[in-house]
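Each in structure tokens, the structures are laid out below.
Each of the next two complexes has chain A plus one more chain, namely chain B in the first and chain C in the second.
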Partner chain A sequence: MNADPILTVEDLHLRIRQFEGEAHILNGVSLHLGAGERVALVGESGCGKSSTALIAMGLMNGGNMSIDGRVTLEGTDLLGLGERGWRNVRGRQISMVFQDPGAALNPVFTVGDQLVTAIRRGDPGTSRAEAHERAAEALRHVHIVDAERVLASYPFQLSGGLNQRILITMALVNRPRVVVADEPGSALDVTVQEQTLRLMKALTDEVGAAVLLITHNLGVVRTFAQRVYVMYSGTIVEEAETARLFEAPRHPYTQALLAAVPRLTGEGLPQPIPGQVPDYTDPPVGCRFQPRCPHARAACGNPPFAEPEPGHRVRCVLDFSG
Partner chain B sequence: MNLWRYFLGRLLGSLLVLFGVSILIFGVARLIPGDPARIALGPMATAEQVEMMRERLRLNEPVVVQYGEFVRDLFRGDLGISLYTKRPVTSDILSTLPATFELVIAAALIMTLIGVPLGIVAARYRNSGVDRAANLAALLGVVTPSFVWAIFLMLVFAFALDIFPIAGRVSRGAELPPTVTGLLILDSAIAGLWPTVFDALRHIVLPAFALAMGGLGTAARLTRANMSEVYDRQYIQLARAFAYTEREIAYKYALRPAMVPTLTILGLDFAIMLGNAFLVEMVFAWPGMARYGVEVIIRKDLNGIVGTVLVISAFFLIINMIIDIVVAYMNPRIRYRDQ
Partner chain C sequence: MTSVAESLVPPAEDPVLIRIEDLRRDFTVGSRTVSALAGVSLDIRRGQTVAVVGESGSGKTTLGNQILGIDRPTSGRILFEGREITATRDTDMRRRIQVVQQSPYTTLNPKRNLRQILELPIAIHSDRSRRQRRDRVAELLEIVGVSADFMERYPYTLSGGQRQRVALARALAPEPDVIVLDEPTSSLDVSVQARILQLLVELQAQYQLTYLFITHDLSVVRNIADEVVVLYRGYVVERGATAELFSNPLHRYNAMLLSSIPVVSEPEEALKPSWEWDGSVVGVEPSVGAACPFLPRCPHAVALCEQGVPPLVAETPTHQHACRNPRSSESAHRE
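Let's turn to the complex of A and B:
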């Protein structure tokens, strides 16, 4: 399955200088996406998932940040791109589905204006009329019946679910190779969230786009992703194919995340993970999960990213297989 | 589009406010101690003469009756006779107001056309040297009163450098156009008197800048603050993620949401200029309402005071109404509120 990866992130570091000191937000993140592959990046809020996604989109560029590592998209080094270079990549080769449909669309422009602009920036030869036609067609394709009315509406006149579908349409209308989806639909209710993911799955399959799904909810990963990266405090702690991960999670953090997912069957309430993501200006030495880990011991140290079985990698000294 | 319904609603509201203002100013003008008739006639007038004057001004009738008659006259465009100039207040105001209005419009244009872009540039290059320079300039504009700017600009640009005329609205001997709007620059342009247009423009630059500086600073700082806030919104991130250009984000997709709160304040600044214009007009010997406004207050010229205040209030309300409509146009959430 590991044909040439389309998006690779290698040893990514993000440091932010703050008043309290330097925060080491990403500590050597590496991941890759195969063409057309759906991959999930899972972790608690504040563990660096969104930062990783934003760096891959070139949207992380404050004056107080420093980014090291390599991000390549079909062989192009993304971190070295200037503004002009990014304009040739964004929206065309890589695009993004934003989390909150209520905040991601500009409130004072019509949906049509925003969709048409996105189409034309991704495909500069298109005329306004053509782009409008394509926008309407794309909306009908996602089962929006009165596409013309929706295009003439402002985001606040439409429901959250509808806006979310518009965001997905926008991300896929130029047939990108990679789509980064930052917790799509998590601002909406569960049924709409479910529909959102199903729609994304169908559309990305059709276009042949790879998806990097960012989420804190392992529950939604199961049906959507083929492979999962579990992230904790700025590092990938476990990587496995989805079925394998649910079957035999190896890292204590993954196990804790799984225990936190509510279930309809079986006994027992979902178990929260005690404690919280550590302070990034003064993180624990070695394994950063250690302070919250029920299995922590003196031998922990700073474990390497080992591969106990093919395709299943884990950053922990303990062996929880079987 | 229900922009019209919105407009009618605002118009009705403005008329109501104007009605309230008229009662207030009418009452206050009559509460100030001192007999207007005595002041108008001077210390040498006899009691009979003063009494006759009071009769003519209807000062002996109950205030409510006076107000009723005032409103009746108002609808005929009659604001009464000024005790100071002895001419109809309406014609006094009509002869001086256009000059003031021209000055204020020029200042408002400067405030908007320089202040807003300054704020945009500062927001786009936040925390850069440009931003800090713009911030300092804006602060200087805000903290320095307009009459100080007036004197400063006059000293530097009219007196020392001699680039602009030192005072007045137009050079002596310039060919004057027939009055159409009362705005000299506009009238001259209509009449095709381009030398007069140019001359009048040279005259208006310094007073207009002096008047605009405060508002210009506010405009720049407000635009910068509101733009900065918008820049942190997710929809700007989305615009970048879909390869919108930075220029188009700055001047369209971030500016428009940011201008909604900014414009409301700019409208108030415009109105404040009407008051500040009095001092600037004094410094530059600008033939506007300033001298008249000051004189009628000092001389307790009842009709003059009421007329002046009413006209300024009316302008204040009209400007605010225009701004509200522009804001409604820019912010669809206001336009579609009732749906």
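Let's turn to the complex of A and C:
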């Protein structure tokens, strides 16, 4: 199905030197996005989802960090890019939508200034007037009727839902190949979140952009993504097509995560997962979920990423599919 | 005017603990006045969990603040066990209603350790000795599932879930009747959320607590609330026993809200009402109070919707709504 991945992450390791010792945060993360594909990366807080995304965006570069592995966008090696090289890639071929539109938009510039700048960065030959016209057009396209008024406004003068619409427009205005969306709209209301996801689906479809959606909300994954990676403590523990993952989750972590979700069917309180995400300076050896896993046994060891059925992969020595 | 605003559950059952009558709270910022609460009436029965849902800015926290007495209404009354507490409360009254807020990162004073944080409400509301206060702190920590060894620790050394437990211990310290829970789990992971919800339910049973549960997570509400109040721009637009309100949403805003819930299974999907996401809506906002507050976003508006704010009407003894063209009567109004 994804003969030609557009974004590939291979065996990614992130280590951060800290006062308490070295934290080995990403431990061999591999994933890929097909052209125009919507893929979700899901897991509890602190599992390394944002770190993975920020590395793919070239935004994780502290002096105390070391990053190993390969990240390629249409064949271009992203980890080797300098700040200069990134300027041609970020916002043009790969762009990002953040969780909180209030924080992601610059408060001291008008929406128009920010959109015009984004358009001219992607297409330096455009005049300001042309860019302004394109910006207005883009806003009308996302059903903002009074585009001129919105362009003249500062972000704080607009509602959160409108700002989220603007951010998505901005991320797509240069027709990127990949959009990384980190908890988009989750800082907002459910109705706005739903509208945000619908809009993102429509726009990315239209430009043919692939989406990497990062979230800890499994419900959002189910409606938005075609394929899912489940991440636990810096490793991908399961990968499957969305329908398969929700019908027949194989990894005990995925199963536990699903059991922790309160259900609209009203079957009572959800089940917590015992324990917590381990400390990265001293993670468990072998399967990192072992200390919290109800099925853990001596045989667990360090399971490979097996593929018990085509397209469904799981990092667990036991098979719980039945 | 208060005809249907009274109790949802037939009397005889749990007695009314808090009665809210036509509560209004206007905020004036510059030349603009916002009615955060535009005439809210509500009964809260002892031992119940009443959920307050609605989008950001709908007035949920403002309502909680009136009940807590940390903000005063512009008009209307609040009664506690029949006694009016709208304007003044004595120390004992203040003891009886406590709060847990959303962000465990900002609500605990970072300069105080857990013992100091928990001793304060104990000292205010009782005259225990130093020794007794310390024992009570240890006891409170045990109750919420935090080791008493953590007493000398500071909040920043705790996880989000642990902080929320401490916030809960602080609310329990003065032995309240009511706890206003303002988004108590919104900043937490599903797994930690599940644990805090369990703890809340256990504590409620053990101490006969009454909860006002403010949240925008409707899946949580479905599993924890006895009754739900849906606020929209300061108005109660629907209210009912939990199962009824979810299975038979009547007000169009409630239908939109329920149809937005992200769910993880087919059976849940089947319970969601459909919503016309691309339906055409009125662009121009009517002036405040002149029409249904939801009119500008409502694809189901009929002429009547523009004639004043629709009043709450009872569909069943335990379910009320304020919609002129409610979901169940769709066919009748269409033709």
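One rule holds for everything that comes next: the second predicted complex is superposed on the first by the 321 of 322 C-alpha atoms of A that agree within 3 Å, B and C clash if a C-alpha of one lies under 4 Å from a C-alpha of the other, contacts with A are read in each partner's own complex, and residues count from 1 in each chain.
The working rule: a contact is a pair of C-beta atoms (placed from the backbone, for glycine too) under 8 Å apart; a residue touches a chain by one contact, two chains touch by 3 or more.
Nothing here was measured: the structure is a model prediction, and the numbers come from that model.
A.B. asks: For the overlay on chain A, clash or fit between chain B and chain C?
C.D. replies: Here chain B and chain C can both sit on chain A without a clash.
A.B. asks: Touch test for A:Pro270: chain B only (first), chain C only (second), both, or neither?
C.D. replies: In the superposed model, A:Pro270 contacts chain C only, not chain B.
A.B. asks: Mind working out whether A:Val261 is in touch with chain B, chain C, both or neither, as first, second, both or neither?
C.D. replies: In the superposed model, A:Val261 contacts chain C only, not chain B.
A.B. asks: Check whether A:Val285 is in contact with chain B, with chain C, with both or with neither, and answer first, second, both or neither.
C.D. replies: The answer is neither, since A:Val285 touches no partner chain.
A.B. asks: In the overlay, answer first, second, both or neither for which of chain B and chain C A:Ala152 touches.
C.D. replies: Touch partners of A:Ala152: none, neither chain B nor chain C.
A.B. asks: Between chain B and chain C, whom does A:Leu218 touch in the aligned arrangement: first, second, both, or neither?
C.D. replies: In the superposition, A:Leu218 contacts chain C only.
A.B. asks: Contact-wise, after the overlay, does A:Arg121 reach chain B, chain C, both or neither (first, second, both, neither)?
C.D. replies: A:Arg121 contacts chain B only, not chain C.
A.B. asks: Mind working out whether A:Ala202 is in touch with chain B, chain C, both or neither, as first, second, both or neither?
C.D. replies: neither
A.B. asks: Quick one: classify A:Ser45 as touching chain B (first), chain C (second), both or neither.
C.D. replies: In the superposed model, A:Ser45 contacts chain C only, not chain B.
A.B. asks: Quote the smallest CA-to-CA distance from chain B to chain C in the superposed model, rounded to whole Å.
C.D. replies: Once the two complexes are overlaid, chain B and chain C approach no closer than 5 Å between C-alpha atoms.
A.B. asks: In the superposed view, which residues of chain A touch chain B and also chain C?
C.D. replies: none
A.B. asks: In the complex formed with chain C, which residues of chain A make contact?
C.D. replies: 44-45, 145, 160, 188-195, 198, 216-220, 222-223, 246, 256-258, 260-273, 276
A.B. asks: Taking the complex as given, what residues does chain B use to touch chain A?
C.D. replies: Touching chain A from chain B are residues 127, 233-235, 237-246, 253, 256-257, 260, 330-333, 336, 339.
A.B. asks: Could you list, by residue number, the parts of chain A that touch chain B in their complex?
C.D. replies: That would be residues 54, 57-59, 63, 83, 86-92, 95-96, 98-100, 103-109, 117-118, 121-122, 154, 156-157, 167, 170 of chain A.
A.B. asks: For the complex, give me every residue of chain C touching chain A.
C.D. replies: 55-56, 159-160, 189-195, 197-198, 201, 216-220, 222-224, 242-243, 246, 256-257, 259-265, 267-268, 271-272, 277, 283
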